[in-house]
Amino acid sequence: MKKHYDVAIIGGGIIGMSIAYHLAKAGKQVVLFEASEVGKQTTSAAAGMLGAHAEGEGYEDTFFQVGRASQSLYEKLKVDLRHESGIDIRTSAGGIMKVAFTEEEKQALCRMQHLSTFEWIDAGSVKKCMPQMAENILGAGLIKEDVHVEPYAVCRAFWKAAVMYGAEVKECTPVIEVKREKEALAIRTTVGTFTCDDLTVASGVWSGRFFEELGLSHSLYPVKGECVSVWNQGPALEHTIYHDHCYIVQRDSGKLVVGATMKPNEWQTVPTLGGIEAVIQKASQLMPSIKEMPIDQCWAGLRPATNDRHPYIGRHPEDQRILFAAGHYRNGILLAPITGEIIRDLIIGKPVKKEWLHAFRIGRKEALFV
Amino acid sequence: MKKHYDVAIIGGGIIGMSIAYHLAKAGKQVVLFEASEVGKQTTSAAAGMLGAHAEGEGYEDTFFQVGRASQSLYEKLKVDLRHESGIDIRTSAGGIMKVAFTEEEKQALCRMQHLSTFEWIDAGSVKKCMPQMAENILGAGLIKEDVHVEPYAVCRAFWKAAVMYGAEVKECTPVIEVKREKEALAIRTTVGTFTCDDLTVASGVWSGRFFEELGLSHSLYPVKGECVSVWNQGPALEHTIYHDHCYIVQRDSGKLVVGATMKPNEWQTVPTLGGIEAVIQKASQLMPSIKEMPIDQCWAGLRPATNDRHPYIGRHPEDQRILFAAGHYRNGILLAPITGEIIRDLIIGKPVKKEWLHAFRIGRKEALFV
Amino acid sequence: MKKHYDVAIIGGGIIGMSIAYHLAKAGKQVVLFEASEVGKQTTSAAAGMLGAHAEGEGYEDTFFQVGRASQSLYEKLKVDLRHESGIDIRTSAGGIMKVAFTEEEKQALCRMQHLSTFEWIDAGSVKKCMPQMAENILGAGLIKEDVHVEPYAVCRAFWKAAVMYGAEVKECTPVIEVKREKEALAIRTTVGTFTCDDLTVASGVWSGRFFEELGLSHSLYPVKGECVSVWNQGPALEHTIYHDHCYIVQRDSGKLVVGATMKPNEWQTVPTLGGIEAVIQKASQLMPSIKEMPIDQCWAGLRPATNDRHPYIGRHPEDQRILFAAGHYRNGILLAPITGEIIRDLIIGKPVKKEWLHAFRIGRKEALFV
Amino acid sequence: MKKHYDVAIIGGGIIGMSIAYHLAKAGKQVVLFEASEVGKQTTSAAAGMLGAHAEGEGYEDTFFQVGRASQSLYEKLKVDLRHESGIDIRTSAGGIMKVAFTEEEKQALCRMQHLSTFEWIDAGSVKKCMPQMAENILGAGLIKEDVHVEPYAVCRAFWKAAVMYGAEVKECTPVIEVKREKEALAIRTTVGTFTCDDLTVASGVWSGRFFEELGLSHSLYPVKGECVSVWNQGPALEHTIYHDHCYIVQRDSGKLVVGATMKPNEWQTVPTLGGIEAVIQKASQLMPSIKEMPIDQCWAGLRPATNDRHPYIGRHPEDQRILFAAGHYRNGILLAPITGEIIRDLIIGKPVKKEWLHAFRIGRKEALFV
């Protein structure tokens, strides 16, 4: 007889681990399959900005609200995870400064001005608190709530805590096939077949095959991002610097994390010479003194993108036992807590906001077509 | 329309790459799919002994003959690959010393004495040429032909040379499904579907799922091996030291490679504290001075084992278009050249020795049952 | 004309950097010379236990009092350094459990029982809060105040903050000679000669040459310690496990740090195979499940030892301009804050407790002879 | 009584090790002191071009002749060192292509045309054998003799072989002071004082202090060079590409080594972001496809420069017992063999060409003043 679980999860990144944590904590018997090592792919490559504002385009839409809700969940999580796992997720204070170099960029930023979380800072004041910043900026929008965490630490903490609550995590265990039998779902893996009542697919950019095999249309493709870190030899950055999808984040270790390129449809996870050059050029433009700082490391990761840049979170339209949580693009770290809660609530039968489910439903047209 | 190739290969370790190389050189249009990075799994973890005698049990059987044939292919390959790829595969001279600590071990070794390649060396003579060796040995069997190469270099050289001959190698591209359509085989991957006339499955211990999906019985399971390397601060070892599945190999960089544990059915590829302890204990028993040497690195790999410890090399019994080359256990580096030639010859229609095909045929009872 | 400073410091480990920080904050013009890279030698190799009780032998002596005083300074420092440098020194809670395997060890521990900071925990209670612990312990002494920090983070924070207060730190700058001229001290380095009113030698085990050159008798020799870290796959350790100079420390990253061997008079800083084996054996004895955990890293460092195991902190008996702060043995991380304060106070003319100066004076007989 | 040696050497880079090797092989009792680890500083950072022509300015002068003589010594050394140490120094074939982008550069190159080792290759022919080369070159000078080796391997081989011949090598042992006593030289180190009949200072850019302490005028300063390596995904480079102090070298591992920046008077050995950017820009200009290749590593090293860019090789003018071999700038790997021979011959009393000794004599005006 095959071993049976309440819920199986495919994918051991921050999304899958948040789901495992929330379900195990709610008393479910959980198994998670990770094809390589937990948290070593997209999760580790991320800078960890909780950029509810920084990444958003429209500031009143559902996506923004979900981002803000997830951001605020981190406050309690930080305490809980420290207690449950012994791991510190290293939340920073300080927030993000979105920089404007042109009048156009300034106006775009100032469209956020009605938000209580947004504050416009003129060039002079920016230079006072951030003397490292480039001379030629016009000013910056400061969003204090958009702090950051260390993504791998969050994932590791979810993992440890989930295991403490009874979850089983199988690393180096690729899933080969999902069989939809009547009485249960059967998950065939390299170490045998397991059955479960519910299944969540959460393997980021590698989730595409399961959509296909399970009969669904979808869009899901990688956008490779290359990063570099340095040891900050000047004063610590009070705020993350952000401009045009690039950022410089101050870690509480004394390092700066700089990223990232945007290369659609590249699957290779080693940075190229040209990618690193582009990151350095962009960073020097934002903070000239960074060129003198000693290099620490280079790396790259694959953001899982959909056509509308929003994730799929919800049930398979034709098989209620199967759920998806994938395609978080640049927002996986931000959205991990709320994604874990939504999937948990769907499975244990607690209510979830209808407009959220609608916004992230599988098979929506906006995601499928450009 | 889907892109079509003469031959598709699944798996970018040394076996898959040897096949790609031999087929591309023979003029075939070849594509190879590697789920992660080329040569970074089992191939990189191997010490690279060409242990035709060292690993064998019976010394007149087919397996021994195939091993010897493959060993001798390396002589020409070394030259060809240097020329074609610019890469040196770092063949050593010197061979292997199989050590005996007991009379029983001595007698077992001396069963090879009728072989012209085997020479019994008494304890006194061993100490003269190998003063590092443990005091309490009874003697050793020297097999000069069992030299070694650097496995990752061989794989990288096959790769580069195969590409020079026109092969396409797709890294970070897992194969999701193989569809056996009438006109061609269709290989569904994360980057699209490709068609081919012939397919070879060569993904080591991860090949099991394809046997299953393609309707075949098989045995295939990992035997994890943990290794450590040190900088040799004494005189270079003239010969590899070998005893009871453990070895100390002298690299021409000045390092010693020491391995390896034997842990069946473990899929994790990070060494454990206990595994490293076991390797150190075994190595110190063979060569006491190694305890004083500075550590370089620790790692682990997964040997792909079958029940009779021999690989599957040959055609699918019911679908001639599908071939397998997997399950090489401790002999993947040794057998890579001959495996490449056999698969090439099967595909291009050149004759292959019948007893070889028989010995390694898919579905043989010896492999299936213990 | 040569550049002049109020104070020069030789050595950029945690001791030298604490001195630089305290003096720069007090308004002194400070320069620090580090022969290689800041904090990359003994400081980085340390586990960071603030073991005021754990390392002590006598529990009412001056050394114990100084240790406790320094330990309590970390509470304020943690906050100040976070603010001044942006770096988190990662203080743990939890303290140390000193384990007894024999009646003798138990009695030795219980000599601390009159201390309010010490609590004896019997074997049953230990197993409840620390189920990872070996079965055969008799019990353990819990000292909650003996928490730990991350040594490199502390050193980096002192560095950054010292620079913010105006200190100059010159890496890769060995000091060649100290000339005692009448009007000032002249420090000859690879990048030129600098003058100063006061000089502090704080280069750990490499300080010996300056004692000699400056005409002083002293003892100072390395005790090499080899360490290993693993990823803790079980529940987080609530307390550091400590026994017979060995320890297992839980980092808030999820790693365990295990150390360390004791090899007097070894100067090499790469761990040997035998050293790593010894650490693994000791760790498995304290916590058997650690053998199954995946290895993270191996390293080694040199503790600077004197004959009485206590540091030299104070003035040169014949030249008031020269001070020493070296020889902290296993207590460098613990004593860094108080050492910084003592040296600062001596230089700026604030009073320092006489018995402290007496205990750590240069040239004391206890340090010189065994 | 202090331990006595025939010869002491300060510095365990490729120069010091070549001297140790040549002297030990000639029967001398040799001790070598290395302040950190053998071969891990300037030696490891070098690309290893034997650029007798590539680096030279005048092609008939003594410097050129010495370079050519040293280059040819590598042919025998390769074989000897393999035999003596078991280490392969990885000599390449192929030589260097010095590229011209302008008429002026072409004319400068063609001044070598009378040399039998030089061949001018026009743009069309370059593209045939080196299709990776930039489109806009005018042609290139091919110098087949300027092959390359792996510097760390050479140094390690000298080390091992020297030890086989009886030399003692003390790592992690800084020399504090050299005392010129009547009967012998006394070398004070961190591990005690040793005496010797002859001393050679060979500690590269860190030799300056010994010139000073031994009463000599000299120039010696670092020129920092930053490098990067990539995995060559195209065909292997047949020849090293060289232009304006920058180069792309093909290793026989399949990697390309690219370097290097030129930053005088920088002592820090970690590459900066700006330095890496400059290397990438230069490399892309020579070989555009390199931008697509995956990065392997970044590093930096310190070339030891004198004002006339030539080394000091010879005796102290006032104390015949002291010799220097330092300041090899960009030519340390090339000149290591001949430097070892010259110093050996001076010490054992074999004749050395007078014009060579004259060209590299200590205290020559050309070296002292710009």
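Letters are used for the chains, namely A, B, C and D, taken in the order the chains are written, and counting of residues starts over at 1 for each.
The criterion applied here is as follows: contacts are C-beta pairs under 8 Å (C-beta built on N, C-alpha and C of every residue); 3 or more make two chains touch, one makes a residue touch a chain.
Keep in mind that what you see is a predicted model, and the values were worked out from it rather than measured.
Colleague: Going by C-alpha centroids, which chain is farthest from subunit D? Tell me that one.
Modeller: So the chain farthest away from subunit D turns out to be A.
Colleague: Between C-D, B-D or B-C, which shows the same interface as A-D, counting it as a repeat when over half of the contact pairs match?
Modeller: Residue-number overlap above half with A-D among C-D, B-D or B-C: B-C.
Colleague: A-C or A-B: which has the larger count of contacting C-beta pairs?
Modeller: A-C
Colleague: Measuring centre to centre with CA averages, how many angstrom lie between subunit A and subunit B?
Modeller: For subunit A versus subunit B, the centre distance works out to 39 Å.
Colleague: Name the residues of subunit B that each touch 2 or more other chains.
Modeller: 268, 270
Colleague: Would you pull the subunit A residues touching subunit D in the complex into a rising list?
Modeller: Touch list, subunit A to subunit D: 228, 230, 268, 270-274, 276-277, 280-281, 283-284, 290-295, 298.
Colleague: Which positions of subunit D touch subunit B when the two form their complex?
Modeller: The contact residues of subunit D facing subunit B are 82, 85-88, 90, 153, 156-157, 160, 164, 232, 235-237, 250, 252-254.
Colleague: Which residues of subunit B touch subunit A in their complex?
Modeller: The touching residues are 36-37, 171-174, 176-177, 188, 190-191, 206, 208-209, 212-213, 267-270.
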